[in-house]
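Multiple structures are listed underneath, in structure tokens.
In the two complexes below, chain A is the common chain; its partner is chain B in one and chain C in the other.
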Partner chain A sequence: MKMKLIVTRRVKPLRYGGVVIPLLSLIIGVVISQLILWAVGVPPELFYGTMAGSFIAPEMLRPFVLLTILGAALLVAFIGAVWNIGAEGQIIWGMIVAAYIGVFVAAHSIKVPLSELPKYESMPGAQVLDATYGVVSVVLWNPVLAGLVMILAAAAVGAVWAAISGALRAYLEIDEVASTLIMNYIAYYSLNQLATGPMRGLSVQAAQFGRTDALNDALRFPRLPIPGTTVTTVEVILAVIAFVGVWFMLKYTSFGLRLKILGSNPNALKAAGVDTRKYITLALTLSGLIAGTVGAALFAGDYFFLGKIDNIVSPPTQNMGYTAILVAWLAMLDIRAIPISAYIIAGLMQSGATLQANLGTMAGLSGMISGAAITYTLIGFVLLTFSVLRVLTEYRIRFVRGGPK
Partner chain B sequence: MSEAQTKTSVFTQNPNSSNEVVLEAKNIVKRFPGVVALDHVSFNVRKGEILALLGENGAGKSTLVKILYGVYVPDEGEIAVEGRRVFITSPLEAIKLGISMVSQVPQIIGSLTVAENIILGLSKYGMISKISRVKEFIREESKRTGIEVDPDIEVWKLSYTQKQLVELLRSVILGAKVIMLDEAITFLPIQEKRRFYEFLRRFVGQGGSAILITHKIPEALEAADRITVLRRGKVVGTVDAKKTTLDQVRKMMFGERSSEITYERLPPSKPTEEVVVDVEDLWVLGAHGEYAVKGVTLEVRAGEVYGIAGVAGNGQLELIQSVIGLRKPVKGSVRVKLNSKPIDVSKVGIGKIRSIGVGYIPDEPLKFGVSMENNIEENLAMLPSITNGIIRWGRIKKLAESLIKDFDIKTPSSKTKVKLLSGGNLMKVLVSRELMVSKKLLVAYNPTRALDEVTAIMVRKRIKEKALNEKLAVLMASEDLDEVLQVSDKIAVMNSGKIVRVFNAQEAKREEIEKLMVM
Partner chain C sequence: MMSLKTILDLVLAAGPAFATYYLAAVGHGIFEKSGVLNLAIDGVFTLGVALAFAVSAVYMNPNLGLLASVIVASAFGVIIAYLTTKFPTSHGAIGLSTMFVGYGLASLIGVPIRSTTPNAAWYPLSDTFWAEIIVVAVVIGLLAQYMLRKTKLGASIRAAGENPYAASALGVDILKIRLIAGAIGYALIGAGAALYVLAYTQSWSEGTGMGHGWVAFAVSLSAGRSPLLTLLSAAVFGGLVNYSYSLQAAANLSPHITNMLPFIAALAAMVIYAVTPLRRRLAPPKGLGKIYFKEERTV
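Our next item is the complex of A and B:
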């Protein structure tokens, strides 16, 4: 008997698709990347060894935590079909404000005669930043209070920065994809203006490189006591709050529910009497608020100063504002999948970096392939596979007996 | 042609209808999560006949038609066109096989002309025809049917009737052997409806076939050759339209519940003196920047059902939308008095009045009424008048379950996405929700669209009961004149953006209203 193959659209989504599709994409994407890297001379055993190690390396903890926060931040907007491509700018403004509070308000730098330096060296809360110029940082606030204010201020400014695009979209119908993206560059250059201008520090490095003074040790966020990781306790707490908060909001509040409906059927929302313009603005505001906190975390947990961005493609955000778009997307806009998806992306980022380091020791290959290139090859193929699988799994193939005569 | 002649030529069965089967479905099974929509359904359409496909809400009519049109693929069963087994996996395929569909909502592009729309259809399906020939065809058919359609006019300028004719003509030009009409002419005024049936008669007389889906059973009896009745996903039977009766068909469709059907005017309500809606000299623009509402003034009192009759596209939609606050008027005012102080809706918009207890049943329920991707509970919780802040899902679940029970909504559970419900059940979700939140006022457009007779009458009774017992004011526009006549205390006829006359229900005469609707 003749068989005929027909392709039909699924009525209900694939069961466990939310887990199966990303995992399958990860495996296929990694294998494709490996084949390509093999072609340029990377030995398979080194590749897979590094990959396996990278997913359990303590170094990947920090990107994992930060991408979870940012993934949750972007999801808040994306779920309402409001496209926040501006997490970069929101993070940058978070950094700027955190730096202002950390270096100018909660502590301040003073220039002292070199003879008085020894006095400051032993003084609690004071830290010598520069022994040649005699620059000392003096803490004025309680560190816990300072940390809290840095985070809240960063959140607030991130929210305001995003709200501008939100209001433009909601009330003037200006595309938020373009406006949030453009505002990232405004933020980068604002940082440069401020770091080299009004916020420039007193120390010799600050004068030389155009940057702020360093954050006083007492105000730096403490690291998690795990060897090898640079993640701070504050970042972990922020991630938990962001994850649980967004999950709760989407599941148990009318705001969250309406945000979801804003994404799928704004007309029904309007007819229900909901002001969709307000919701569009709020979606971006909340998204920017969460992203802004990452700025404080990056400043007080990692960089400790604000420096001029020399190369606009490698800002201090490490482009995580963009990478987080992939996190949210890989999670299929399901908040529960955000940590998993952040983990996968963080693992791939770590793999690239480690592979580069390992290749460096191999003759003939050192310096040939950059870590970033490997990272993006991996991420690229994983997401490409993911997007193909996502579309394919909407269909199913069936065989029916008795083809046409 | 005189009225009498029209009747005989249109509403008699076609003696030439052969026994040659053009389209056949055998043992079709289609399951959706939690329900079997079609359970071994077999039926056929003969060459040269009009077959009416009838059934209550959720009986499976739409699913069956969608399968024949390639929107769904059956889980089991076979489809054959002219005796040859076919696999219809997309509408494109269906049209290539000569099966086309005209639905209730015109699917043509407003900014293109009539001829362009048709040419676009042709090229999409790989057919070529000269534009001059297409225009000639449109002119000829327009003359024949007596429904004036200029091939060079942009579609948005056409009336609903004209648009539906264009849809039909497009099907014919695309070489349709079988045209399926899914409530496509249900809402036309009777004279124009006659012309459509005349057109269909001519089409089947020349060897075509038609499948007619309608909730208007008397009409099916008059217009169709055979009637196939579906109930709960199964074929109850196929009868010769000439040899059956209205009662018999209703029994087949509804069983015992068919006794609930009545088209008698519901008992009048007792309005108070309190004016709830006060519309004064309202001017509203339509979607294309032309005036759709031209100076409408009306008053609806507490406890009164104010029905607006009219053919689709005469400004009722825009009027309703500006009363609820979704469309800003250019001139005039809409005042809604819910408590002591009247609210100027044109200034505050929809949010304010919706949140304090105004129900709204919108046109295009799929677009404006419910959120398809969400489940029944979420579709309740989305209303600001139901939840605000933290959602207590336990309470929402109870609400949902009581509505499901009360309105006999067929759904696997209250957590089923509404897109998986049948059209009628989906409409019940919307109507029951809006009746529940209506405290002082209900604004509605076609409140029983897509509902079967039994359910539609039940909804009308509920509306009337609320007006009578809770002094609910109801402003309702409907394209279904039966509905307006059955439920209204006052009947306003709207034509070309104006209210041409207002009747007290007792004095309203159907013929007079119909004349005013199309004059």
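Our next item is the complex of A and C:
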């Protein structure tokens, strides 16, 4: 007998679909990824062991916090049916500007004669970056002011970078998926150009590897006092602001309401006399603004310098701009579900990183499988399963014998 | 004064880059003409690049690498077409998730092979081979143009993209047509990807090819998905990419800037296309990326 697959619309949406479907997708996606990784030599017990451990590891707190910010950022655009795939580029520009302020404006590097180095070692606000070349970083600004300016500038430049794609979509009807993606690559290479060129530092490492000088200790974002985690207080505050801000905007403001209608029924918005083009541009701008702050967090909270990207697969964003797409989608564009979704995805990301480290100690597999490859595979299969299973919330899929032709 | 021979040499040397973008862009155009928004292109392109390298490295035969890339990419095209047409699901979500799958698999397949066999069997760096692939690519493009414009299959593909409901009422099997368009389109994308690594870069490391699927995407878009006009945009991009090193030397540019140029050009091409009268003549299919759902009777 011939089987036929039939798709029919449900009378009522699937009950508990909002919980069951994402969880089911997660399980199926993880299992598929595991089978593929098994095929390339990753033992299943190591995979699941690492995965289980990763969800309770203190290291995952940082990706969780950053993905909450980015998930909220992307949600703002996605809810208006504007597809911001360019968070990567927006983060990168945030990093660049934060680095400029941190290393050239709020502090700066000077070259001093080696005999004068001891004088700087004891000077408050001065930090010896390189004792062989005699490079000293001198703080010029109050650290709180410097941190604030770094974040605001990163937000502004992220907003501008996203606004370009927003305006192209709104006024010239250029698909924003393509333009935001293409602009990610422009941002990556801009970082390389700037880090190896105009922003290259004075220290020996900077000269050797093509990067900026390190950020002065005094300007680095302080870490949260939890052992094992590298998350900073600033990032936690940013996450709370982004989460509460987006939630409030969507629930209580007319801007949020219009954004939601832009996503569900743009013609109704047009009929009501609203300039939808303005809202498309604003949705992307606001999305880029929030994403940009993550750039400042990555620079002043994690890397402390801007370095050339050697492998385009592993930019300093750790691909979180892409990973956050999954966070927003898995939350089914509900802001309240963003932290849950961010937690799950952070666990997956952490698994990728820990798995890479664990594989590094295994004979024959060291250096064979990159964390990025694992993360991409996991994201890809979870998202693909979810994209298909999501149909089940509103449709019924059945196999019938024979069926009509 | 440049002799004719020098000019010919310069044109031929850009052959691998041209053929890569031309084939991939024509494939992209055919698939999108059928109404499926093709956002998976960069992932499958990257996967095709890794597969072509891996297979050619294992069997020391570039033709096998090309074949593997074509077959696997084509299978991806069929899967994407099936998922987006059979189920009322977002083309964007299916496309982007497939892109990530492609990135992940590309690394997982390529890296272990590269660690033992960093050099695959590449295509020859010869004028004759370059001339061959240019001619073959152009012939394939012209055939695609003929197929889309003059055959029943082409008319069905375009109808499926413009208005699938009307086409279906006239007896076009939308699913079947999109499956065919996906198979043909992605076979060409796979061929372009294979040429990218086997004839153009002639080396593979993790991430090779990433982003160049998007360049092919832009090459196709800026030519309104027409195989004939794509000849022009692919020639421009092929030249730009191929001569990036000469450009570096001639204009004293850094490698980062020349790496960036194809992406800036891609964006610029889309803008130019959008602000000129070309926009209306080469508009995207009206049904592109829209969910196609026809209630099926279950009895």
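As a convention for this text, the second predicted complex is superposed on the first by the 331 of 405 C-alpha atoms of A that agree within 3 Å, B and C clash if a C-alpha of one lies under 4 Å from a C-alpha of the other, contacts with A are read in each partner's own complex, and residues count from 1 in each chain.
Simple rule for what comes next: a residue touches a chain if its C-beta (ideal position, glycine included) is under 8 Å from a C-beta of that chain, and two chains touch if they have at least 3 such contacts.
Computed from a prediction, not measured in an experiment: that's the story for all the values here.
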Partner chain in contact with A:T229 - chain B first, chain C second, else both or neither:
neither
Superposed model, chain A: greater residue contact from chain B or chain C:
C
Should A:K260 be classified as contacting the first partner (chain B), the second (chain C), both, or neither?
first
Touching partner for A:N358 - first (chain B), second (chain C), both, neither
neither
After superposition on the shared chain, which partner residues are touched by A:T377: those of chain B (first), chain C (second), both, or neither?
second
According to the stated criteria, A:V7 is in contact with first (chain B), second (chain C), both, or neither; which is it?
both
Contact-wise, after the overlay, does A:A268 reach chain B, chain C, both or neither (first, second, both, neither)?
first
Just to be sure I read the superposition right, which of the two partners does A:T393 touch: chain B = first, chain C = second, or both, or neither?
neither
In the overlay, answer first, second, both or neither for which of chain B and chain C A:T196 touches.
second
Contact residues common to both interfaces of chain A (with chain B and with chain C):
6-8, 398, 400, 403-404
In the complex, the residues of chain B that touch chain A are 32-33, 72-73, 78, 84-87, 89, 324, 326, 349-355, 360, 362, 367-374, 378, 381-385, 387-391, 393, 420
Listed in rising order, chain A residues that touch chain B in their complex are 4, 6-8, 11-12, 252-255, 257-258, 260-261, 264-265, 267-275, 398, 400, 402-405
Considering the complex alone, what residue numbers of chain C touch chain A?
39, 42-43, 83, 86-90, 92-94, 96-109, 111-112, 115, 205-207, 210-211, 214, 217-218, 221, 254, 256-257, 259-260, 263-264, 266-267, 270-271, 274-275, 293, 295-299
Using the touch definition from the top, list the residues of chain A that touch chain C in their complex.
5-9, 33, 36-37, 40-41, 83, 85, 168, 172-175, 177-179, 181-183, 185-186, 189-190, 192-193, 196-197, 311-313, 322, 325, 329, 367-370, 372-381, 383-384, 386-388, 390-391, 394-395, 397-398, 400, 403-404
